[in-house]
Amino acid sequence: MKRRTRPIGASPIAISAPQNAHPTTITTYIYDGASYDAVNGLEQGTPGHFRWIDVCGFKDDALIADLARKLGLSDLSIADLFHLDQRAHTDVDGDLVQTILKMPVDRQPFVADQITLVLGLNFVLTLREQPRDCFDAVRKRLASGKGQIRSSSAYLFYAICDAVIDSYFPVLEGQGDLIEALEERILRDPGDGAMRDIHLLKRDLLVLRHAIWPMREALAALQRDDTPQIDEPLLPYLRDCSDHAFQLLDMVEVFRETAQGLVDLQLSSLSNRMNEVMKVLTMIATLFIPMTFIAGLYGMNFDRASPYNLPELGWRFGYLYAVGLMIASATTMLIIFWRLGWIFGRSKTNRRITGSETEKPHN
Amino acid sequence: MKRRTRPIGASPIAISAPQNAHPTTITTYIYDGASYDAVNGLEQGTPGHFRWIDVCGFKDDALIADLARKLGLSDLSIADLFHLDQRAHTDVDGDLVQTILKMPVDRQPFVADQITLVLGLNFVLTLREQPRDCFDAVRKRLASGKGQIRSSSAYLFYAICDAVIDSYFPVLEGQGDLIEALEERILRDPGDGAMRDIHLLKRDLLVLRHAIWPMREALAALQRDDTPQIDEPLLPYLRDCSDHAFQLLDMVEVFRETAQGLVDLQLSSLSNRMNEVMKVLTMIATLFIPMTFIAGLYGMNFDRASPYNLPELGWRFGYLYAVGLMIASATTMLIIFWRLGWIFGRSKTNRRITGSETEKPHN
Amino acid sequence: MKRRTRPIGASPIAISAPQNAHPTTITTYIYDGASYDAVNGLEQGTPGHFRWIDVCGFKDDALIADLARKLGLSDLSIADLFHLDQRAHTDVDGDLVQTILKMPVDRQPFVADQITLVLGLNFVLTLREQPRDCFDAVRKRLASGKGQIRSSSAYLFYAICDAVIDSYFPVLEGQGDLIEALEERILRDPGDGAMRDIHLLKRDLLVLRHAIWPMREALAALQRDDTPQIDEPLLPYLRDCSDHAFQLLDMVEVFRETAQGLVDLQLSSLSNRMNEVMKVLTMIATLFIPMTFIAGLYGMNFDRASPYNLPELGWRFGYLYAVGLMIASATTMLIIFWRLGWIFGRSKTNRRITGSETEKPHN
Amino acid sequence: MKRRTRPIGASPIAISAPQNAHPTTITTYIYDGASYDAVNGLEQGTPGHFRWIDVCGFKDDALIADLARKLGLSDLSIADLFHLDQRAHTDVDGDLVQTILKMPVDRQPFVADQITLVLGLNFVLTLREQPRDCFDAVRKRLASGKGQIRSSSAYLFYAICDAVIDSYFPVLEGQGDLIEALEERILRDPGDGAMRDIHLLKRDLLVLRHAIWPMREALAALQRDDTPQIDEPLLPYLRDCSDHAFQLLDMVEVFRETAQGLVDLQLSSLSNRMNEVMKVLTMIATLFIPMTFIAGLYGMNFDRASPYNLPELGWRFGYLYAVGLMIASATTMLIIFWRLGWIFGRSKTNRRITGSETEKPHN
Amino acid sequence: MKRRTRPIGASPIAISAPQNAHPTTITTYIYDGASYDAVNGLEQGTPGHFRWIDVCGFKDDALIADLARKLGLSDLSIADLFHLDQRAHTDVDGDLVQTILKMPVDRQPFVADQITLVLGLNFVLTLREQPRDCFDAVRKRLASGKGQIRSSSAYLFYAICDAVIDSYFPVLEGQGDLIEALEERILRDPGDGAMRDIHLLKRDLLVLRHAIWPMREALAALQRDDTPQIDEPLLPYLRDCSDHAFQLLDMVEVFRETAQGLVDLQLSSLSNRMNEVMKVLTMIATLFIPMTFIAGLYGMNFDRASPYNLPELGWRFGYLYAVGLMIASATTMLIIFWRLGWIFGRSKTNRRITGSETEKPHN
């Protein structure tokens, strides 16, 4: 969660640029069905052409505000461009559709960057803070001109949304791998800081869920009747994109519940391991304490002059008798341990605990 | 969760065949009320006949795309055929109804294969990756011609959906058996890796839930007004099929909560067993430590010249006195243990812990 | 959860009688406002009379299917009669209303039997597998003719539904008693297999919830406009019946949460008891280990020729000095235990732990 | 949860008075804007006057049924008056509005009594079993005649509902106090039966939630269009009353989650305390076991004739050497404990554990 | 949760001022597009001007009630002003809109003060108990006259609501910092009262959620059609404000789940630490107990006259043999510990447990 930079009670249309923002770079892609050009800096469009104005970095706030004002955004929308801690949502502002999405930047820990898309009659404006993006394939398709990508600004708008949604799949696949690695690690060695990693994993999944969930609503808003900017033929494509968001949420839910299951696995493994430790202690103590007692008994110094005092010490086979007593005591204990299932026949448990092998549980 | 093969930002109508796909085999079933024929390979239909085109394996993507295009699918729908990681859903695409379901392939761990059904005016197209399917009974009914199965392509479409849904029942019954086996195992021996199996069971149930839940919606979409391809008389059959999906979800919920209950049972059993281990250690230590102390006391080497040093050693019955002290100490301890309920009268607990018997809890 | 007997992909109208079904017995109750007769076997109705056809046991499937066909049920509805693993629901099939409910047969473990009610213009058909039912009071009211029970077939249909719903109250009261018994048992002796009984209790409550929840919907469906078979004046009665189902669900929810609370109580009690066991061990060990060390110290055999070796052994009051050391050590330990609150002043705790008394927590 | 007294399958209009009911007492309050009179027993109203008929105790069921019939209640509504285990709800029965609420009678454990309110054109009927009620302030306002309370029977109806809802606030404040007391107690001494009290608290809160939740719906039903008995100007008052019910539910939810947090606090405290106990044992054992071993070593009786046997025993400073070894061993152990943070520098922990002080966690 | 001061059953329009209320101070801000004046005390407005009447402290209840009555509030609304324990909500009362919000006053523990806003045609009335508020920036904007703040009373009303909502962001950022501090602390030292702080944190987050959740509804109510007092152009601003409330709820949910995760982390850390303590005890005991036994064995006093009694004592290298036995026993144990992974090669675990370093889990 980023810190807000807006002061409490400030004017809603005051522009507060984020601190330490990246330098502003603008790239304009001018295209129509036949032509395509990518220009650094802002370029005026010619009638009949579409423009994709891709802005990265919020340092030059005056430039960005000026650009947005020329494109027709309202004051409130312009101020909103600079608030990088918003939930994903779609606003319709006259002829313009403004959609805010979250784009993954780092995987572990998961960090997302906010991307604002504005769809106008013949332009798409994208704003983001981080230079890294997931639009390389979109740019290639735009340059190659294959498919419908140059057919309208709305299609490009869709293509960018689609790329943002799809870029979550590798993030979630990474989380899935992490879960499997954690499972193995807990079964091998539950104490090894696993709970901390489960905790961080759960936090990442939580942040992912809160990033994806409102994007689902933002995409649904695009498919409603009140966005005439989105043509009818584009709707199946947007539905497809919504389906992907649903699928991501499904994956997140599965991962979240699995991660919660890892907590139980970890607590159980710790408890199990403690049981094993205690069994070792109990067995050693229980074996040797009676034997040590017998040794202590015949180490007493009672006056041998009395025939009632420690007569065993004078026996010819007294030592063997004492050792025999000790062996009998130890044997009794071992038999009890064996009947309690603590030794022998439990080798399976020990093998798993020491983690030297893994096995298939279901067959 | 399968890995996606689509690159981020790729064209939505680009066909990306799954890697390591099975070789494509096509079987065409041509039938009407009176005749029936099953042909390997794709067969053109004759007017008045219905066709079931059953495609298995995605290796020959060009062939499949060509077939789909001939049957009238849109480019987006064709590209969707090759995405094997979709949620179950129903799309209406002009005259065609496209339903994606998940068909169980393996039980433990649960693995599902995606099956795409396309219903046209006089054909049903089914696509799946795995050669194993659950349609043998449907094929037999089609061959025998009994009932309404040859009456329309919509009825066959329903019959296939119904077979897919019904094939989850044995899977869930298997999970139910596994839960009962786990219950017994935890009560017999909580440490024996049971938590790992609970974890895997819970993951399977979670995957099952996420497989069945969207199928319920896909079936509901078929019953809505916007699918004129589904005739009115077919609706009660589809409702019956939806009811089965609901019933499956009920079973999954019951199993999921029961599996979560197994976690508590396991943690409690581990804790209980630890209590038993600690009681054994405490009893042995508490019995012998005072006795060993007494033995040590009379093993001291104080100078017997002084009459105040260890006079007991010179007593005629000193040894008996010392042994008597030890017996008194042990008896005191045993009485305390008995009053705490740790020994005798608690045999029930011990019996259960060693797992030699099971009993009916409710009567 | 019963096992399904239907093969996957079978025709939806194929009749598959349950295995090991009870022999079929049919009782026909013929009544109108003035007359009443109960006849074994199926009896044809006379105009102006109502019939209650009560079928028990599914062995003679042909007879039942034939009877249902004569009463006007569709093929799909007839096949449904034989599926004993359905969720409760209401179907309207032309002039007929078909409601499936679950009737409690056994309390602990809870077992329900499926009862199918079909309401026609002048008949009610009930089908169930188990001979035990909860309709004795309904039969008595029908025989006595008091109230409105002979006024219409719809009223009888309601009276049977009401009896089914009301028969859950004693089941739930039994579960409530069980919860109270478990609470007392856990506080008295947490190790005594209580967790297993909690687990079974939770499973029963889960099954109860999944039995009652869809019945609520089945009853709500009867009150909707699309069941003209149910007259307006009957609606308050059905609402009353729905209220009872709501009340049952409330009770189940309260019991389920209380049962979940028992899990915490059990884990805490086990942990508490372990604490007590460990305190006993720690106190005994900590008391005697230093004393045993002192005894061992003066049991060493250093050469007394050197005046630096064990001079205490030659002291006149050496023994008393050693015993004094031991007493001082033990006293120090006892004071520490007392200040930690482990002994004395904690008698309340000990009393509760040994479970010899119970007390009122709230006043 | 009270036990039902109704037999299964009984007629819905049969009156079954509760067992051991209190004797029936009736008070009639006759009032209009100018006059007010309270009469024991049932009094006939005069035109232009309003009546509040307050019935307490269900023993004389015939009298109550007769009274209700005279006031125009239907047979089903009359039978419902005697069912004291209903959920709160509102029924509109012709000209009459019948609302069932739950009135708190005891706080810990929480016990509620059912109160049935019937609003007619110029009367309000209230029925309850327990003599204790929360209407003293309402009676005083009625007697004093201040405000609108004598303006209509609907206003009095509202005033009684409002008093019932408001009487939950002191109950919940009591629960809040109990939670705070439990928090302190757990931090001071987690073993002292606290989990049992948490369990009882959670049960009370659960019962409270199930008492208040349906009352919210009963109040909402009163504000709907289908109750013309409630005049438009009364709606803001009823909304205010609904707001209070919402607020109560909010409080219950906060308390329920806090109580659930107490479970974690308790388990953690128990675990923490066990850690402390184990540390004491481990430190004592680890300090003295090596020392005792050294003492035992030099207590062996090997034949001193051989110069290789126990030469230390003959050393001039052998004893000092042995004691030095012991001191070195103990010092090593103490240093290890100190570096593990078990002794010194952890005094804070010990202070909290013994519970002698509390501190502010947040500042 | 504050205590209610209203007696049960009191008249809904009776004014009950809170006890120990702050002295009442009134500030009137009179402004229009061109002029601005802030006056202590209540000031009559002049036509064409707007007024913000800011009341703080409820001591002088008569003055407040009189002021409210002059502004046109109904009796019920006036009585409501004095109830400081309400849920946030919006009421429309004729020409007036009355919104109750909760304003944060203290961060840890979180304390909120109730603020009542009344919007009239040309005035805004704000009432609160605590002198501290979050309106400094609003006052500055009003004084400077920049933006639309002086354009209408509705805009000022919005600006105050927005300031209240925004003042939760620093509170939540403080909670986020606390969570991170707690995470580090638990990993460093789980026993150090961390669970208590988690408990208090969870309670604060719960109170925050219950403060923010109804404010979301109160803001939504302002955007509905039935508040003509709010002009159409203001709606985007209110939507923006609602979005902030949603964002706050998202943050609270993330924090709540993270705090719940801390509970698992804490329990696991405690269990882990216990494991370490037990391992130390077990290793020490297991190393020395067999050695002490051997020492005890050769400390027995059997009569050496018999050649069968303790012949080892007479061996030339008996002592070395005994010491050799002890070394062999200790070595065996150390090898076993090493193979169980308890010593060496586990230094990572020990490092984390003693908390001397932190590490990045994900990379």
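Should a chain be cited, it is by its letter among A, B, C, D and E, assigned in written order, with residues numbered from 1 in that chain.
Here is the rule we go by: a contact is a pair of C-beta atoms (placed from the backbone, for glycine too) under 8 Å apart; a residue touches a chain by one contact, two chains touch by 3 or more.
Please read these numbers as outputs of a predicted model, since none were measured by experiment.
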Looking at the contacts, which chains touch subunit B and subunit C alike?
-> none
Taking each chain's centre as its mean C-alpha position, how far apart are subunit D and subunit E in Å?
-> 24
Distance from subunit E to subunit C - Cα centre to Cα centre, in angstrom = 38
What are the residues of subunit A that contact at least two other chains?
-> 267, 271, 274, 278, 281, 285, 289, 292, 296, 299-301, 310
Listed in ring order from subunit D, and going the way that reaches subunit E first, which chains are there?
-> D, E, A, B, C
Of subunit D, residues touching subunit C in the complex | 1, 3-4, 6-14, 74, 76, 80, 85-87, 89, 91, 93, 108-109, 178, 189, 191-193, 195-200, 202-203, 206-207, 210, 263, 266-267, 270-271, 273-274, 277-278, 280-281, 284-285, 288-289, 291-292, 295-296, 298-301, 310, 312-320, 322, 354
Which residues of subunit C touch subunit D in their complex?
-> 134-138, 141, 146-147, 149, 159, 162-163, 166-167, 169-170, 173, 176, 183, 187, 236-237, 239-240, 243, 246-247, 250-251, 253-254, 257-258, 261-262, 264-265, 267-269, 271-272, 274-276, 278-279, 281-282, 285-286, 289-290, 292-293, 296-297, 299-303, 306, 308-310, 339-341, 348-349, 352, 361-363
